[in-house]
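I've put the structures underneath this note.
What follows is subunit A paired twice: with subunit B in the first complex and subunit C in the second.
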Partner chain A sequence: MRTYLSVGKLRFIHGMQYRTAAFAGIATQFFFGFVFIMIFVAFYSHSTVEQPISLEQVVSYSWLRQAFLAFVALWFRDSEIFQLITSGNVAYELCRPCRLYEFWFSKLVGQRLSYAVLRCFPILAVTFFLPAPYRLNPPASAESLSLFVAALLLGLLVNVAISMFIYISVFWTMSPIGSTMMIAIVGDFFSGMLIPVPLMPDWLQQVSYALPFRWALDFPFRVYSGNIATAEALWGILIQAVWIVALFLLGRWALQRSLRKLVVQGG
Partner chain B sequence: MITLNGISKSFKVAKRSAGLRQAAKALFVREHTIVEALRDITFSIGKGEIVGYIGPNGAGKSTSIKVMSGILVPDRGSCEIMGYTPWKERTAYVKQIGVVFGQRSQLWWDVPVIDSFELLRDIYKIPTQVYRANVDLLTETLDLASLLPTPVRQLSLGQRMRCEIAASLLHDPQVLFLDEPTIGLDAVSKIAVRHFIQTINKEKGITVVLTTHDMNDIEALANRILMIGHGRLLYDGSLGELRRRFGAQKTITVEYREHSLPVRVEGAELLSWTAERAMFTVDTSRCKVADAIAQLSEQLELVDVAVEATPIDEIIVQLYKEHSL
Partner chain C sequence: MKMYWSYLRILFKSIAQYRLSFWLLAVGQSLTPLTGFAGIYFMFERFGQLRDWQFYEVALCFAVVHLSYTLCEAFARGFDTFSTLVVNGGFDRLLVRPRSTLVQVLGSRFEFARVGRISFSLILLFWAIGNLDIAWTAAKVVTLLLMIVSGMAIVAGIYIVTASLCFWTVEGLEIANIFTDGGREMAQYPLNIYGKWVKVFFTYVIPYGCVNYLPLLYILDRTQGSGWLYMLTPLVGVVFLLPCLLIWRFGVKHYCSTGS
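Right, the complex of A and B next:
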C-alpha cells in the first residue's frame, strides 16, 4: 500500500511543478465556464416549462465542473504511460515487485489530484463572488457539502478506473488516439459534461443512468446543489463504490491478459 | 544460480511489402511471419560469475534478458533463477534482481534523481538503514553527489547511466542484468561503469549478466562468454579459450622501401598491400612469426615491423563468420 501511496505522492509533486500550465488552464476554464453559463441563462429565460434542475443549480454545476475538470474529464490523460507502453519502457515497470494496475492507478490519481489542487481554489474563490446569475451558490446544506466531498473523491476513482481501459487498450492498438477519442466522447457526453443529465431527453437519461460515467461528474455536482437529496445521495455513494470495485476488477483482469501477450519492442 | 533449459520463444510479426497496393491489401489480409527469437537455449551460470552475453543485432540477447527478468513468457522450456521461475513468481522474484536496459530509462524524467530513488525505496520496501547505506555507497563509488538533486532531463547520457545503474542496485539484488549498459557512452564513462561493475561483483558477490556490442566491456569484465546467433546458443566458454582457438593468429605490419609488386610469404595471408606498407596474418600453428619475418626481409628492404595479437573484435567477427551470422 505504501508503494502505491508513494507513487501517487511523487506524481502529485511532479504535477505541482507546472504553474504556468495551471494559470493557462484556469483562464481557459473561466472562459468556457462563462460560455456554458451564458447559454444556460438564455435557455432558461426562454423556457416556458419548469426544468428538473434550477438555473442556480446548473450554474453551480458548471463552475464545479470547471474547477474540478481534472477529476472529471476523461480526455485528460497521462501521456507518460502511453509512452511507456509504445516505447517499451514498460519493461522496467514489469520488473518491479508490485502490481502494474494498482501502480498506474495510483499514479493517475496523483496526477489528477495535483492538477485539481492547483486549479480548483482560484476558480472556486472567484466564482463565489460573481454577480447574480453567474455566482457559484453555497452548498444546499452541511450534509450536502460533506456528501459532495465524498462523492467527488469516489467519482475521481470511478473516472480513473474508466480511464485505465484507455491505457490498457494501447497494448493492442499501440496508439492512444482512437481509444481516447471513443471513450472520451462517449464518456464525456453520458457523464453530463456537456449538458447536465436532468436536461437530457428521457431515453438518454435512461442510457446515462445505466452507464458508469455519470457517477464521476453528474452525481457529485448535483449532490452539492441539493438537486439530489441526502437519502438518495447515500444510495448513490454505495453505487459508486460498487462501480469502482467492478471496474477495478475488470481492468485488472484485462491488463493481466494484455501482459500475457506482451511483446516488448526493440533493443 | 541461473539455469535455463530448452528455452524457446517466437514472435508473430506482421509483414507487408512496400507500396500503396500492398498497404491497401494489408487492410484486409494481414500476413504474418513467425520469427523464432530463441531456440532451445540451455545454459547455467554460477553464483558470483560475470557473464558476457554477445551476438549480432537481432540475435536474441535482449529477448533472453527479458525472459530471465520475468517480463516475457517463453513458449517452451524451463528457467530457474535462485529457485524461482521468473514469469511465474514474478513479484517475489524481481525483488532479488536488478535490471538495467541501456536504451531505456527507469528514472522519472522531470523530477530529481533522488525522488526516483525514494520511490524505488518504497516500491522495494527497502529498510531505511539499508537504503541510507546503499545510497551512500553508490554515491561515493559512482560519484553521484552532484547528480542526485538534478532533474533527470538535465543529465548527460553518461551521468544518467550511472544513476540508472545505481537505481538498479538500491535493493541489494543478487543478480544484475545489464542490457547494453555502455551503449553511447564516452571512454571515461565506459571505464567508470566497468570499474564499478567489477567492484560490486567482487565486494557483494553479485552475479552479473551483461549484453554488449563493445568487446572491450567483455575483455575488461567477463571471464565467460555466451554467444547467441539466430536464437541459438553458439558458444559457451571462457575468453581465454576463444583466444586459443582463434587467437593463434598474429598480425604482422611491415613498412619498407618502395616495392611495386606484392610479395608472397609461405604460411601467411596478405591482408593489405601498398607500395610502402603491408599487413599479413600468420597462423602460428603453421608458421612461426620469425620465419615469416625472415621471408619478408629476404624480399623487401624493411624499415619497420610490428607484430600484434588478433584483436578480440576480429575474433568475434571470425566466430560470427564461422556460424555464418
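Right, the complex of A and C next:
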C-alpha cells in the first residue's frame, strides 16, 4: 500500500510543476463555464413549470464541473501508458516489484489530483464572488459540504477505475483512438457532463442511473447543492464504494487476462 | 492550386492503406456532435423553447457551425499540428522549397476521417431546413453558402494565427482553444441568448456572429429593414482572414530555426 501511495505522490508532485499550462487551462474553463451558464439561464428564463433542478443548482453544478474537470473528464488520459503498451515497453513495467494494476491506478489518481488542485482553487475563489446568476452558491449545509468532499474523492476513484478499462482495451486493439473515443463519448454523456442528469428525459435517466459514470460527476455535484438530500447522499456514497470495488476487481482481472496473452517482441 | 490537389491525392492514398481503422474513426468522430446535439434536443424537450428560438432554428444554427468548423478542420489540420513542425525543425525543409509555405503547410495534413462529421452535419442541415418553413429565394441560398464558407475562413484564420505564434513560442498555445472549440460551442446557439460581452467580442473581434447569427436572421425572415446588409455580413469572415495571413507572413520572415 505504501508503495502505491508514494507512486501517487510522486506523480502528484510531477504534475504540480506545470503551472503555466494550468493558467491557460483555467482561462479555458472560465470561458466554457460562462457559455454553459448563459445557455442554461436562457433556457430557464422562459420555463414556467418547476424543473427537477433549480437554476442556482445548475450554476453550482457547472462551476464545480469546470473546477474539478480533471476529476471527472474521461477524455483526460495519460498518453505515456498508451505508448508503453503499443511500443512493448510495458515489459519494463512488469519487471517492477509491484502489481501493475495498482501501480497505474495510483499513478493516474496522482495525476488527476495534481491537475485539479492547480485549477480548482482559482476557479472556486473567483466564482464565489461573481454577480447574481453566475455566482457559485455556498453548499446547502455543513453536512452536504462534507458529504460532497467524500463523494467527490470517491468519484475520482470511480472515474479512474473506469478509465483503466480504456488502457486495458489497448492491449487488444493496439490503437488508443477508437476505444478511448467510444468510452469517453458514452461516458461523458451519461455522467451528466453535457446536461445534468435530472434534465434528461426519464428513460435516459434510468439508463444513466444504471451505469457507473454518473457517480463520478452528477452525484457529488448535486450533493453539494442539496439537490440530493443528506440521507440519500449517504446511500449514494455506499453505492459509490460498491462500484469502486466492483470496477477495481473487474479491471484487475481483465488486466491479468490480457497480460497472460501478451507477447512482447524483443529488440 | 494544382500542387494542393496532388498533396491531397498522396494523402488519400496513404489513408486508403488502413481502411477499417479509417471507417471506425469516421463513424466514431461523428458521435461527438451527435451527443452534443442530443443534449440540445433533450433540453428543448424539457423546456420547449430557448428565449424566442424554436428547436429547428437552433438545429439549423448548430448544423451550419459544425459544418463549416469540420470542413475547416479537415482542410487546415496542418496548421493545428504546426507546433510539431516547428519543434522538430521540419519547417526548415518547407522553407527551402520554391513554393508558398502556406500551401505546403495546408497540404501537409488532410483529415479524411472528418467525412463522418461532415455527413452528419449535412444530414442535420437538410433535416432542419426540411422542418422549417422558409420561403427560399436565390439570395437566401447564397447567404447560406456564404455562411458556411465564411465560417471556414474564420476558423482557418484562428488556426493560422495560432500557428504563427509558434514561430515565437515554439509550443502551441492551449488558450487558442477558446476561440476554436469554444467559439464553436458558443456559436451553435443563436448569439442573442448570451451576455453582452460575449456578443460584442464574437461580433467585432472574432466575427462568429457575423457569419452565423446575423445572416441566420435574414434566412429566417427575422430582420428589420434592409436584408442586404444581413446577407452580406458573412463576408466579414473573409475579411477576418486577411490580417491573419499578414501575421503568418510576418512570422515566417522572423522565423529562427530551433536547430534540431
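Odds and ends about this structure:
Just so we're on the same page, the second predicted complex is superposed on the first by the 265 of 267 C-alpha atoms of A that agree within 3 Å, B and C clash if a C-alpha of one lies under 4 Å from a C-alpha of the other, contacts with A are read in each partner's own complex, and residues count from 1 in each chain.
Keep in mind that, in the parts below, a residue touches a chain if its C-beta (ideal position, glycine included) is under 8 Å from a C-beta of that chain, and two chains touch if they have at least 3 such contacts.
Model, not experiment: these values are computed from the prediction.
When the two structures are aligned on the shared chain, A:138 is found in touch with neither subunit B nor subunit C. Contacts of A:3 after superposition: subunit B is touched, whereas subunit C is not reached.
By the touch criterion defined above, A:14 lies against subunit B but remains apart from subunit C after alignment on the C-alpha atoms of chain A. Residue contacts after overlaying the shared chain place A:182 against subunit C, while subunit B stays out of touching range. By the document's definition of touching, of the two partners only subunit B reaches A:87; subunit C does not.
Legend: residue contacts after superposition of the two complexes on their common chain; A:95 is shown touching subunit B, with no touch to subunit C.
Across the complex, subunit B meets subunit A through its residues 11, 62, 66, 69-73, 90-92, 94-95, 97, 99, 101-106, 108-111, 115, 118-119, 122-125, 179-180.
The part of subunit A that touches subunit B in the complex is made up of residues 2-3, 5-7, 10, 13-14, 17, 80, 87-89, 91-92, 94-99, 260, 262-264, 266-267. Note for the complex: subunit C touches subunit A at residues 21, 24-25, 28-29, 31-32, 35-36, 38-39, 42-43, 45-51, 173-175, 177-178, 182, 185-186, 189, 193-195, 198.
Those residues of subunit A that touch subunit C in the complex are listed here as 21, 24-25, 27-28, 31-32, 34-35, 38-39, 42-47, 51, 175, 177-178, 181-182, 185, 188-189, 194-195, 199-201, 204.
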